[in-house]
Amino acid sequence: MNSMNNTINEIKAALKPLKMETPAFRQIAVVVKPDTVHNALSYLKQKGFTQLSIVTCVDWIKESEFELVYILFSWTEGIHIQLRARIDRDKPVMVTATDIFPGAQYYEREVHEFFGVEFTGNEDAAKPLFLEIWDDLPPLRKDFDPQAYSDSKFPMRERGNEFVSEIGGHDDE
Amino acid sequence: MVLDEKDNRNVWEKIGDYFSANSIWMKWYCTGCGAIELPPTMTSRYDMERLGMGPMATPRQADVLLITGYLSTKTLRRVIYSYEQMNSPRFIVAFGSCTINGGIYYDSYATIGRLDKYLPVDLYIAGCMPRPEVVMNGFNELIKMIKKGQAKGWKHYQENYEWYKKNQLDSLGEVIIKDEFHE
Amino acid sequence: MNEVKLFLGPQHPGMHGNYSVHMYVDGDIIKKARPTPGFLHRGFEKLMERRYWMGNLALIPRICVPEPDTNEMVYAMGVEALANIEIPEKAHWIRMLVLEMARVAIHLMSLGSIGGPTGLYTATYWAIAQRDLLLDLFEELCGARIYHMYIVPGGVRKDLPEGFTDKVLAMMDELDEKIPEYEDLILKHPVIHARTKDNILLPAEVVWELGVTGIGMRSAVGKEYDLRKVKPYAYYDKVDFEVPTATYSDALTRLNLKVRELYQSMRIIRQVIDKMPSKGAVNVPVSTGSALRWTVPAGMVYSAVESSRGEYGYFIVSDGKEMPYRIAVRGASYPQGLLGIEKYLKGHRIDDASLWMDSMGVCTPEIDR
Amino acid sequence: MNKEKSIFSPIKAWKYLLRKPITVLKKDIFDKPREASLRYRGFHQNDWEKCLGCGTCSKICPTNAITMIEVSTLEDKEGYKNERPAFDYGRCTFCAICVDICPSDSLAMSREYLHVSKDADTFYFLPDSTGIHGDSFAKGYVRDSDSELLDLTRYEMELEPVGRKTSFMEIVKGYSLERALAESARCVECGICTDACPAKMNIPEYIKSIWEGDMKGAVEYLYKTNPLANVCGRICTHMCEGVCALGHRGEAISIRWLKRFIVDNTPMDEYEEAALSTVTEAVNGKVAIVGSGPSGLSCGYYLRTLGYEVDIYEERALPGGVIRYGGPEYRLPEKSVLKDIGMIEKAGVNFITNTKVGRDISLDELQTKYDAVFLGTGFSLSRPLKIPGYEHKDVGYAIPFLAETRDYLRETSDMPDVHEKAVVIGGGNVAFDVGRTLVRLQQVKYGADFVSMAALEHRDILPCDIEELEEGEEEGIRGHFGYGPAEILIEDGKISGLRVKKVISIFDEDKRFNPKYDETDTFVIEATQVFIATGQMPEYAFFNETMLEEIEIAKGQVKVGKYGQFNKFPWLFAGGDIVQGPDIITGVANGHDAAEGIDIYIRAKNN
């Protein structure tokens, strides 16, 4: 656990995070300002956090903010880092991380598709990925109601109160 | 789908049905998660070839299209596309809960609710997902239906093409696939 | 140059699952490839926000169809970390048993599915049938062949059935006998060698560039980069096992590592059965109250386990309510399945495209979600 | 690394030619499909005998596959709904969470898995214990203690253990916030409790409000059907808990104590705002209420929400009736009563105390002064027990004794006369109230207690609540259950004891009350004071002669129509003990009903 404490102290000194916590076993959460995310990522990569596990986003609709989450992992130390930063929900823009972690490309594209966050420097991010001919809000935003969308587009079977009380077996014709 | 129960086939059609029932090519398309039970069904444990069935790579030579579970709108476009490439008589077997009434994805923005609005379903198989035994029984049932001339979904599709197309357009917006859109 | 566009999938016999790759080919050589995911997109992450913590149990195994237990484990670990609960000893052992059985099953399946792209269908017939016998064991354990819904937040759902461990041991003995045969049949087969040896290379730089994990990473880097070793969960630090590695990663090496992992998994299973206490609780409630009102304290946590294809992770956010606030899923094959195809499929021959996907371990449902 | 071998090396697999094939035989697939495992999650089975119709399965279902269907052929049973779950196999994922959470244990998954059909409607069905095709497959996945999804044990409140019988301090402390949240989280919102509650309180809703931390909302739910929430949160007979779905396999939810948690823990300003939110201007008419007991108070409050001016006539000095003069302080402290009555007073109800209808003012006069009259006079007299010696001055009755004690504790009168040794006749809640009050008074006066109790019923069939019995015995009450009173022994003008005789049976063949005794098996309970707590009766002195002729009275109760309205006298309504009884919550329900009836009556009259 010594290495864990060292890592925490070093990150604290180098990144001056807004908040730091250890939410689980060998996991560090670092909250930084959005404009320092790029620096923080390149610093952490140097520190041995060479793997970008996922880039994702949380919609804090009440605070009108998106929280971008970068999960990094160091295979040598076995520590996960959550690097988090909150950006404005109405004009969500973030600098791409693809120059540091090329693997971020599709994660950013996904975040753009599901939340509408723009990534400057990642030209591909604006293209659709999973969805085809999408005509509504980005679906993982909290103000998007999948039930309402589904009801409006995809009819369901009406299941009433009347009952076929005796159902014929599968092989009686 | 209301099926005409009366058997009004002529002799040649009856003979044709008899032979096609004994040699069914299943289209090799894993549309959803139920496809995971197809390898056991096809290979030595359950050995579907005992029923005279085998997988077929191209839609033009396949007889039966298996819808193995949920269909996202994106897949449904391709499924319709490849169903229409199949030659008549063609059959659809729907696997599991999702094809009947949406399954666990009933409130999903990406998957459809009931398949029979968009394509004619000849047979439903219960389960989530159906076991290979159920799949085999389903195939057996389909074979019986074909022999008796009861698997007439494809005729229904021809006769009610407008209705199906309208439903498809209502839910999908566009059925034509533009594959370049994301590149 | 005469470029032609070809679709590999979604409806194609070489494609496992519902996925598509658009290839621009010149002769036999792929010049450009674009992955097209989303055919299996069901919006899991949104649906999970709309179901109770316990109700999600029905959703999570469906994210990755061939490997439901890994998903259940990641979810359970994440919820337990948020709720800060310690699960009973026996539950840890049972979870390891289930996870390793699942690993055996999926490795057998992927051994079998190598038959498709290489044309050695014998492999499919043998390995899939063997896996089916394992599924029978799973059915006995949890009541279903594919979607087990057995590992739950707080432990496992039920205790092992009577005599279960004996059956597992018998199965292990059978596998001991059979796997060498499969090696003869599959790994040493000239057909496989012709197709896989020195083909579809994965250099270490590419591993780091894409973020590939699992067998792909270990076969290239040569280090024991396995979450079970690097960041042990459950009781993986209490059992002896090796992580097979290599420093030259071609398709054959990766196949080989799979088989060697099979032996290690069997070794773990035997140790687990040996060390597992016969009595004891198998779960603790996550929260007070009925499952309709289970709540998990607010927080954000990332949990990860080693699936057969690499690091499988969930990022779970709770706001203290009875449903999760947000869950993000990191499918293990995301890096190679999207960016990998885009960047590194080119240069290969058309007939190797589906072999490429197979040997890299691309699993579509976990990419699409 | 594996060396390449000859293409013929797999030839050794031919040895399997002579072994048992791995392939499942055709007959095991088509004729008799292979049997599923013992834990298989196949189609559902539901035991209709056990099923409560609570709908918990449909609430937990992650696929929205379960619909509760009303089955009209089922007979109405207390604690059961005539609804049964229908399963849509166009939704179900066979996760068996419904089985794990089923409070009645009626649901199970069977080992049946085969259903193939071209008709999608056959995938929707209402299972009974025979399953989808009526083939009665064996059960597969069933709930066990490991897969339990309910929380079956009650979060107990602490009792004041020592020194509780030496004071009139409230015994039960009430939930802490943490425990109340934990207890409220157990609820499955089935609403069976609501059906059992005489006042049809919105129980699941207010429990949910607690759980969500919305205390004001909880109070609003309480006042929708019960303005005596403080009182009922303490001494309600909680029929709701008797039918609670969780009670079938575990312990019922402490609905009463949760109600008490709401009233004790809501800030006063929010409480008042919520309680008075529905009160409106008094414009529609004037109503007189006779008696300020639970039914009268309830009727008064709801008439205020419907826009009527209300005067309540009370014989005693303080309003409240049984809640002010009946229930003992250690169970129902004065402050709770005051809070409820205070809130009703704030709602604009006018109390006219020290005024007995029939003595100070006649019913006819009320009729002329008001648009309608509600009678909630209750059973205000103790029923005498005419055994030898009953006329002795040291023979007391429950109601006056309890009232005197309350007055003593309010410091408006002296301590009632208690002797060192006393015996109580009766086995109901009132008898225990008397006995336990006696214990406390003796402790105060003598520093020791000696209270005996004689009841016809045996210990396990006593009509009182089990808590009363247990707590009473803990406090040292000497119970002689199964013995009936024979005579009060008097020596030198003083009571020396109560002779009791063994009871053989209480009811005769026609199930009428007609106790039989074993006259040879008798003994004497030592006491110098006897309290009779064998029942109460009403007083109808306020009825005039025509009324007495026209109104039918049976077993002390008047016969009324819908809303408690007298058929012959439409301006007159009644409720509480004189109509239904014998508990507070029924009184509250009658009062609410009558308020609605009065509203209908007056509106009809005015138009």
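Per-chain numbering from 1; labels A, B, C and D assigned in written order.
By definition in this document, a residue touches a chain if its C-beta (ideal position, glycine included) is under 8 Å from a C-beta of that chain, and two chains touch if they have at least 3 such contacts.
Keep in mind that this is a model prediction, so the values were computed, not measured.
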{"item": "Selected pair, greater C-beta contact count between A-B and B-D", "value": "B-D"}
{"item": "Chain centre separation in whole Å, for chain D relative to chain B (CA means)", "value": "57"}
{"item": "Euclidean distance of C-alpha centroids - chain A vs chain B, Å", "value": "36"}
{"item": "Distance between chain centroids, defined by C-alpha means - chain B, chain C (Å)", "value": "29"}
{"item": "Intercentroid distance (Cα basis), chain D paired with chain C, Å", "value": "54"}
{"item": "Of all residues in chain C, the ones touching two or more other chains", "value": "38, 41, 43, 46-47, 50, 58-59, 62, 126, 129, 132, 147, 368"}
{"item": "For chain B, residues contacting two or more additional chains", "value": "44-45, 74, 100-102, 104, 106-111, 114, 128, 131, 137, 141, 182-183"}
{"item": "In chain D, residues with contacts to at least two other chains", "value": "22, 36, 62-63, 88, 90, 93-94, 114-117, 120"}
{"item": "Contact graph of the chains (line, ring, star, complete, other)", "value": "complete"}
{"item": "Residue ranges of chain C touching chain D (in the complex, touch as defined)", "value": "51-52, 54-59, 62, 122, 126, 129, 132-133, 136, 139-144, 147, 149, 157-159, 161, 181, 183-185, 187-191, 193, 252-253, 256, 281-283, 285, 287-295"}
{"item": "Parts of chain B lying in touch with chain D, wherever the complex brings them together", "value": "3, 44-47, 50, 97-104, 106-107, 114, 116, 121-128, 130-131, 133-134, 136-138, 140-141, 145, 150"}
{"item": "Chain C-facing residues of chain D, complex", "value": "1-7, 9-10, 12-13, 22, 36-41, 56, 59-63, 93-97, 100-101, 109, 140-141, 144, 146-147, 149-151, 155, 181-182, 184-189, 211"}
{"item": "Residues of chain B defined as touching chain A within the complex", "value": "73-74, 77, 100-102, 106-114, 117, 137, 141, 144, 148, 167, 170-174, 181-183"}
{"item": "Contact set on chain A toward chain B in their complex", "value": "127-133, 135-136, 139, 144, 146-147, 149-150, 153-157, 159, 170-171, 173"}
